[in-house]
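Inspection log for the structure reproduced underneath, given as structure tokens.
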Amino acid sequence: MTRGLAFDISHLLAGGMVLLSFALLYQDRMSGLLRAYALHALVLSTSVAWQAYIQDAPHLYVTATIALAFKAIVIPVALHRIVMRLGIHRTIETVVGVGPTILFGLGLVGLSVAVILPVTAESDALAREDLAFALSVVLLGLLMMITRRNAVSQIVGFMSLENGLVLAATGAKGMPLVVEISVAFSILIAFIVIGIVLFRIRERFDTVDIHALDSFRGERR
Amino acid sequence: MLTAAGAAIFLLLVLGLCGPLHGRLPAWTMQADRLAYGGAMAACFVLMSVGLATLSGAGDGDTLTATLPIGLPWVGAHFRLDALSAFFMVVVNLGGLLASLYGLGYGAHEREPARVLGFFTPYLAGLNLVLLADDAFSFLLCWEFMSLASWLLVLVNHRDPECRHAAYVYIVMASIGTFCLLLAFGLMAGPDGGYGFTAMRASALDPGLEAVVLFLVLAGAGSKAGLVPLHAWLPLAHPAAPSHVSALMSGVMTKVAIYGFVRIVFDLLGGPAWWWGLVVLLLGGLTAFMGVLYALMQQDLKRLLAYSTVENVGVVFVGLGLALAFQAQGMNVAAALSLSAGLLHVLNHSLFKSLLFFGAGAVLVATGERDLDRLGGLIHRMPRTAILFLIGCAAISALPPLNGFVSEWLIFQAILLSPQLPDWALRFAVPATGAVLALSAALVATTFVKAFGVAFLGRPRSAEAEAAHEVDHWQGAAMTALAALCLAIGVLPALFLDLLAPVTQALAGASVDRQAGLPWLTLIPIAEARSSYNGILLLLFILFSSIVPALVIHRFATRATRRAAIWDCGFPQADPATQYTSASFAQPLRRVFGTLVFHARERVDMPLPGEVRAARFNVDLRDLAWELCYAPVARAVEFAAGRLNHLQFLTVRRYLSLVFGALVLLLLVLAIWQ
Amino acid sequence: MIELTPLNLLGEAIVVAILVVPALSAAVLALLPGYRLSARLNVAAAFVNFAMAMVLFAARPTPGPYLLVDDLNVSLIVLTTFVAFTTSAFSASYIAHELEIGRLTPTYLRFYHAMYQMLMFAMNLALVANNIGLMWVAIELATLTTVLMVGIYRTHEALEAAWKYFILGSVGIALALFGTILVYLAARPIMGQGLDAMAWNRMLQAAHGFDPVLLNLAFVFLLLGYGTKVGLAPLHAWLPDAHAEGPTPISAVLSGLLLNVALYAVLRFKMLLAANADALAPGPLMVAMGLVSTIFAAFMLYRRRDIKRMFAYSSIEHMGIITFAFGMGGALANFAGLLHMTMHSLTKSAIFFAVGHISQVKGTQKIADIRGLTESHPVLGWGLVLGVVAIAGMPPLGIFMSEFLIVSSTFARAPGLALLLVLGLLIGFGALMLRLQGVAFGPPAGGRAPVEASYVPMFAHLALVATAGIYLPDPLVRWFQHVAALLGG
Amino acid sequence: MAVILDLAVQGVQMALVLVLAPLLTGLIRLVKARLMGRRGPSPIQPYRDLARLLRKEAVLAENASWLFRVAPYLVFGSIWVAASLVPTFATGLIFSWSADLIVIVALLGSARFFLALAGMDVGTSFGGIGSSREMMIASLAEPAMLMIVFALSLQAGSTQLSTVAALLQQPDVGLRVTLALALVAMVIVAIAENARIPVDNPATHLELTMVHEAMVLEYSGRHLAMIEAGASLKLLLYISLIVCVFLPFGLATSGAAPAAYGFAFLLYLAKLLGGGVLLAVFETSIAKMRVFRVPQYLGVALMLGLLGVLLLFVSRSL
């Protein structure tokens, strides 16, 4: 196994995640979005497994397995069922159009590269490239959260953000506690999903009803 | 001596417990109010004695210092008793002593005495501590503590919304002032935190920074003292407190503010630049003039007195400004004269303003009224209060041979030394300020003719005024003591001027010649050929030339007197409402200055013949300082608060957008910075 | 190599104990029925915790790979355990009333007590963690427990607040994790792989060699991530609602402790950056965020109708001030920042105790409905006056001293910044005093029921604050000065 | 010996002003009447009026307080003291050092203060009108007067009237702009302070225009006599002040020969006569102005005084 190939494959997988992040931004159907997310998680899982392999760090396989089982299968399925039950699977209400969002996303990728590139060459190139991709994924996830009105799609945004974090964490060679952290994070996500399930009334974070807002915030006029 | 002072101050602090204890002490002990006021009198007496002892014995120039291991940890709390502190201690504690005496009687009329008792003595302690503090932290701590205590005292009548408003404006202004002083100290201490006054005295600042300090102190101490245009809180807050507290606030706390100014500008900063005097002088003149005009227009007796405080502070600042101007030219004797004049006015004002506030408090107790237009004829029902109040009015109007005249006369003497100043601006400004001061002095007389005339003379304008009764002996005694002091200083100014010699010696490097040894106790501030004044002789002359004719007439002409109905040019009006009111008394001068200074507008609504409705007359007066300085700030804060308030009602998504925005912004900054 | 002394060993035992005790208590409390016993046990556990933390002053453990006690965090540990103890005492007398009026059920109360200890565990862990990853986990745990407690009343508003807190907190936590990873990446080339590259004490010694670009980037993420937990504007949105809708003891713990813990994390990373000459100076960023928070929160105070929400905004203001102080750096400002942190914790929790009493006796949290407290409930009213006066920065209370130091030391160095800070302080002061006068003075309105809960915690805090305003004990000062020097410029 | 002489001079001065004042008033009335084509009363008519008033019983309003009864004596006393401090025919009055020009102005202020209070004592609208207007006029006249005092004192380097007069006696003083301005201002102030036309008309009881008379409307008998005497004294004082400062020639100095005193005395009488006639001529030649124009009129005096002071600096430094 040459150094080059290891690098290329990691690079490819990380790049794939960025692409899939764009795909998430592009989706305007709920079911499509969930499928794209499952794919996102799958690529992550593969990437983590590859990192486990090339870093010779078996504990990372745990992370990869979690990613695969939990994020690529359980959560998309659960969310899918919620979506179907709430009957909101058709459209995703966006705040700004898909086009401008994608353009802005491209800008974000540029920004991530711009801030990561000056990293001195002595840090290894793999980490650096990986990091730029991970940062892009994080920023795109955040962008998704704020450009979607629908709670489920916001959750998907958050989870893709988290995938970016795991990508970065596993890319950092020899980082301790990665498994623990990824488990902790999965718990967080589980909570969020449970929250969505429990409080179905809040299928929208975003409401235009001012009266509702006032009463929600206890600042009744 | 510092130990005695410390013990007295500690006693004052402890006596604050009388507030919560009020009504809870066992019957056989002294009641809490007696305990508090009595204790305060004792403590003030001790502190005043310490001050007097220091002043009279401080000729050898040594000052007492003490450092306590409290306060700012690595600095410690420094206290220092020098001539300046001692002089102000005399002023403060004389006021405190008599206010406590007055409180013994006045306090019985409080609705909730506990609210006064709890803060009255700590307030006195705060006033004293400011004078003793010798490092920036202790100074500001005590300064702000003083504000805090007085704020709570203003809130005594907390059920009255106006009172709450006054208290609010007061505490916010006090805080602004404190921050100004804090910034000034920050500059003087430098980034390494040389907070001790000793260190500040030793270190020299860049002239530009010194100028900044001057303005900050003018804003900080000036706002507390009531310098125009920062005075607007003062006429709200001072009258709102119980009268003996009003007397302390007006008569004493403004003096502590002046102390702060003198301490920082004369003592801690280096030598003044020539234009400092100009700035202080002009501000003082403006304050004096505006203060008295506002006072003249007031209808509320206590508010009138509060505005008059603004005027007197202006007079003091004129004295201080002159001192700075002379000092900048190295004319130390002239500076000493100006400073003495200003400081003597500090003492004088504390006396007659306390007297007047006590009188107003007596009227309030007797009638429940502060509104001049509901008073009248009190001279018949409150004879003792009337004559004492009259003495106060005469003193504040600078009538010889009372004390107000002496300090005013000294300031005029200082102004007349101004031709020796080399700067053109000052040469023009000083006489112009003199003219303004003369105008203010004349207006003060008008104001107090109005105050006394409308409240005490004439016929009662309301049932309350008709049913008034004389106040008790505690209050009477306090007022009598003050009136006697007013007369004493007026008649024997030389003795009191000598007390100031160590103060000016320390601050201006010179002092007015010793006066006490001169024949007939004449006051000769500079040279005999130049000017002199003798209060005793003048008093004797006036008494002689008034009493002798009276005796002669009564002996040789006739002493027959007949009481008859009012003549009034043959058309006597039975209704007391036909008397001149405070507004009508002020009307001629309102016409002269009103449109310019107050944007005054008079509206007459006269019914046509045959209509039965009442005629109405309305006067709108606008306080420009309020409208130009205070209101815009309040509006701006209100506007910004209203705009930003939308941020409380966003959705989670929008809040996330804010986070995202912050992140992108910081990343951009990072990208550009690299 | 530091040799092991009995004191070290004792310290190590204590450090473990302050983690184990709350964790165990949480487990026990989760199982115990009967709120009276649980409440007492809660107080007892908190007290044991506090007592053990005091020992840490004398007995320091040797820094291990996971746990560390040094000068910086030991004060915060003691402060945290102390406030946690007093709050638990307050909570014991407070929460019974909530049960009586039916806002809480016994089940939820059991859950509440368990969560309380869980939160103690999380905060202690965050403070003693020597590993940046462990610290991250602890803070996430603290977030989760507080989210659950904020929503405990199950009202519409409480759930809304909890949800908002949860989402914003999660995003913050995610950003902080990214920052943590970046720090590790920066450290790895120097420290090598493994735990050392995430240990505070090791990293600090080697920080001068870290990659500055990565450190800068990391700090941006950490500042925003942990800054969300600190409540810095514009990341603050969760804070007012979480304070307003949760149980009052939790508001006290949130404001008094959790914000401090998050700020502690930021400070740690700031030290790391400060140790690297090539890295971006972290000061200006913190100064900017601090100023924005202070001024923004000050303005927000004016339009508040809910008394707890108002004091939550005041917490944002004060966190801004503290961040500003640490951002300015230097011996004086750092000292002032540490002092302010301590004083704010004590004062703000005392205020929340008072507010808790008030909302119980008056039956409302609406400012407009609470009037004339000094007349209807003199002790409570004057307690509130004292607390608000303290938080507004009036002497002779502790916050006056720290504000004095911050403003005066800043003005000589950066007049413009000092003026902005003063502006924020004054605006906030105006709002606080306005509301205080309305609440504490005037003709009384609202319920006149006597206060049943204990005043002791509130007045204990206020007494400490009042003492500190005039007198700081010498060891404390020396030790603050030492830490201030560690924090650097 | 010198002390006794000085004391005598002071005593003579005190008596002199008291004796001369009603005569001056009577003289002015006579001259005015003649100028208007009337025969006019005898110049000693004021003495007769005073004597008559003194003999009559005083009628007091039912609600008049002690202040109402005391004020006339205080007013008279203050003015008398002030008048006896102005050098009439000799400088170096023995007690002149006890009070300077500023004190004299303040003494007149005291008199006015108590008179205005007395005007408000009974509680009539006329009393109020008088007091209010009197104080308004005084508020502007007094600073103008102080400005004149400043101008003179700065010139002389002293506020002592004797010193000022002595200095202005020096031949090298010459004509100065400042002095001219001060003179004009002083005349204006004197007219206003003495309630003469055009500011006030001492002979009218027309309610809309009266100031001084409205204030003393309730007085009768000996009280009125004291007030009238005080008013006369005040007029004498102002004319004496003007001649003492601006026409100081012939003033006897302390320790001069008795003949010099005699000459100075005669000269003083002549100056007084001249001043009185001029005033009468002035009064007959103009009309009374509206009350609310008085501030402008006095404002001119204030400005002139200030201008005089400022010009002094200019001329000094050139």
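For clarity, chains are labelled A, B, C and D in written order, and residue numbers in each chain start from 1.
As a convention for this text, a residue touches a chain if its C-beta (ideal position, glycine included) is under 8 Å from a C-beta of that chain, and two chains touch if they have at least 3 such contacts.
What you see is a predicted model, and the numbers here were worked out from it, not measured in a lab.
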{"item": "By number of C-beta contact pairs, the top two chains", "value": "B-D"}
{"item": "Chain whose Cα centroid lies at the greatest distance from that of chain D", "value": "A"}
{"item": "Distance between chain centroids, defined by C-alpha means - chain A, chain B (Å)", "value": "68"}
{"item": "Euclidean distance of C-alpha centroids - chain C vs chain D, Å", "value": "78"}
{"item": "Centroid spacing, where centroids are CA-atom means, of chain B and chain C in whole angstrom", "value": "44"}
{"item": "Inter-chain centre distance, chain A versus chain C - centres from mean C-alpha coordinates, in Å", "value": "31"}
{"item": "Per-residue overlap in chain C, given as positions that touch at least 2 other chains", "value": "163, 167, 171, 175, 213, 217"}
{"item": "Per-residue overlap in chain A, given as positions that touch at least 2 other chains", "value": "115, 118, 142, 145, 205, 217, 219"}
{"item": "Touching pairs - complete list by chain label", "value": "A-B, A-C, B-C, B-D"}
{"item": "Residues of chain B touching chain D in the complex", "value": "376-377, 379-380, 383, 386, 390, 394, 397-400, 405, 409, 412-413, 415-416, 419, 427-428, 431-432, 434-435, 438-439, 441-443, 445-446, 449-450, 452-454, 457-459, 520, 522, 528-534, 537-538, 541-547, 549-550, 553, 557-558, 560-569, 572-573, 576, 578-580, 584-589, 591-592"}
{"item": "Of all residues in chain A, those that touch chain C in their complex", "value": "115-116, 118-120, 122-123, 127, 131, 134-135, 138, 142, 145, 158, 161-162, 164-165, 168-169, 172-177, 180-181, 184-185, 187-188, 191-192, 195, 199, 202, 205, 215-221"}
{"item": "Residues on chain C engaged by chain B in the complex (per definition of touch)", "value": "163-164, 167-168, 171-172, 175, 213, 216-217, 220-221, 223-224, 228, 234-235, 237-238, 240, 280, 285, 296, 299-303, 330, 332, 372, 374-375, 389, 392, 394-396, 400-401, 404-405, 407-413, 418-419, 422, 425-427, 429-431, 433-434, 437-438, 441-443, 469-472, 474, 477, 481"}
{"item": "List of chain D residues in touch with chain B within their complex", "value": "54-67, 73-74, 76-78, 80-81, 84, 95, 97-100, 102-103, 106-107, 109-110, 112-113, 116-117, 119-129, 131-133, 135-136, 138-143, 146-147, 150, 153-154, 157-160, 163, 205, 207, 217-218, 221-222, 225-226, 291-292, 295, 302, 305-306, 309-310, 312-313, 316"}
{"item": "Of all residues in chain C, those that touch chain A in their complex", "value": "131, 133-134, 136-137, 140-141, 144, 147, 156-157, 159-160, 163, 166-167, 170-171, 173-175, 177-178, 181-182, 184-186, 188-189, 192-195, 197-198, 211, 213-214, 217, 241, 244-245, 304-306, 309, 365"}
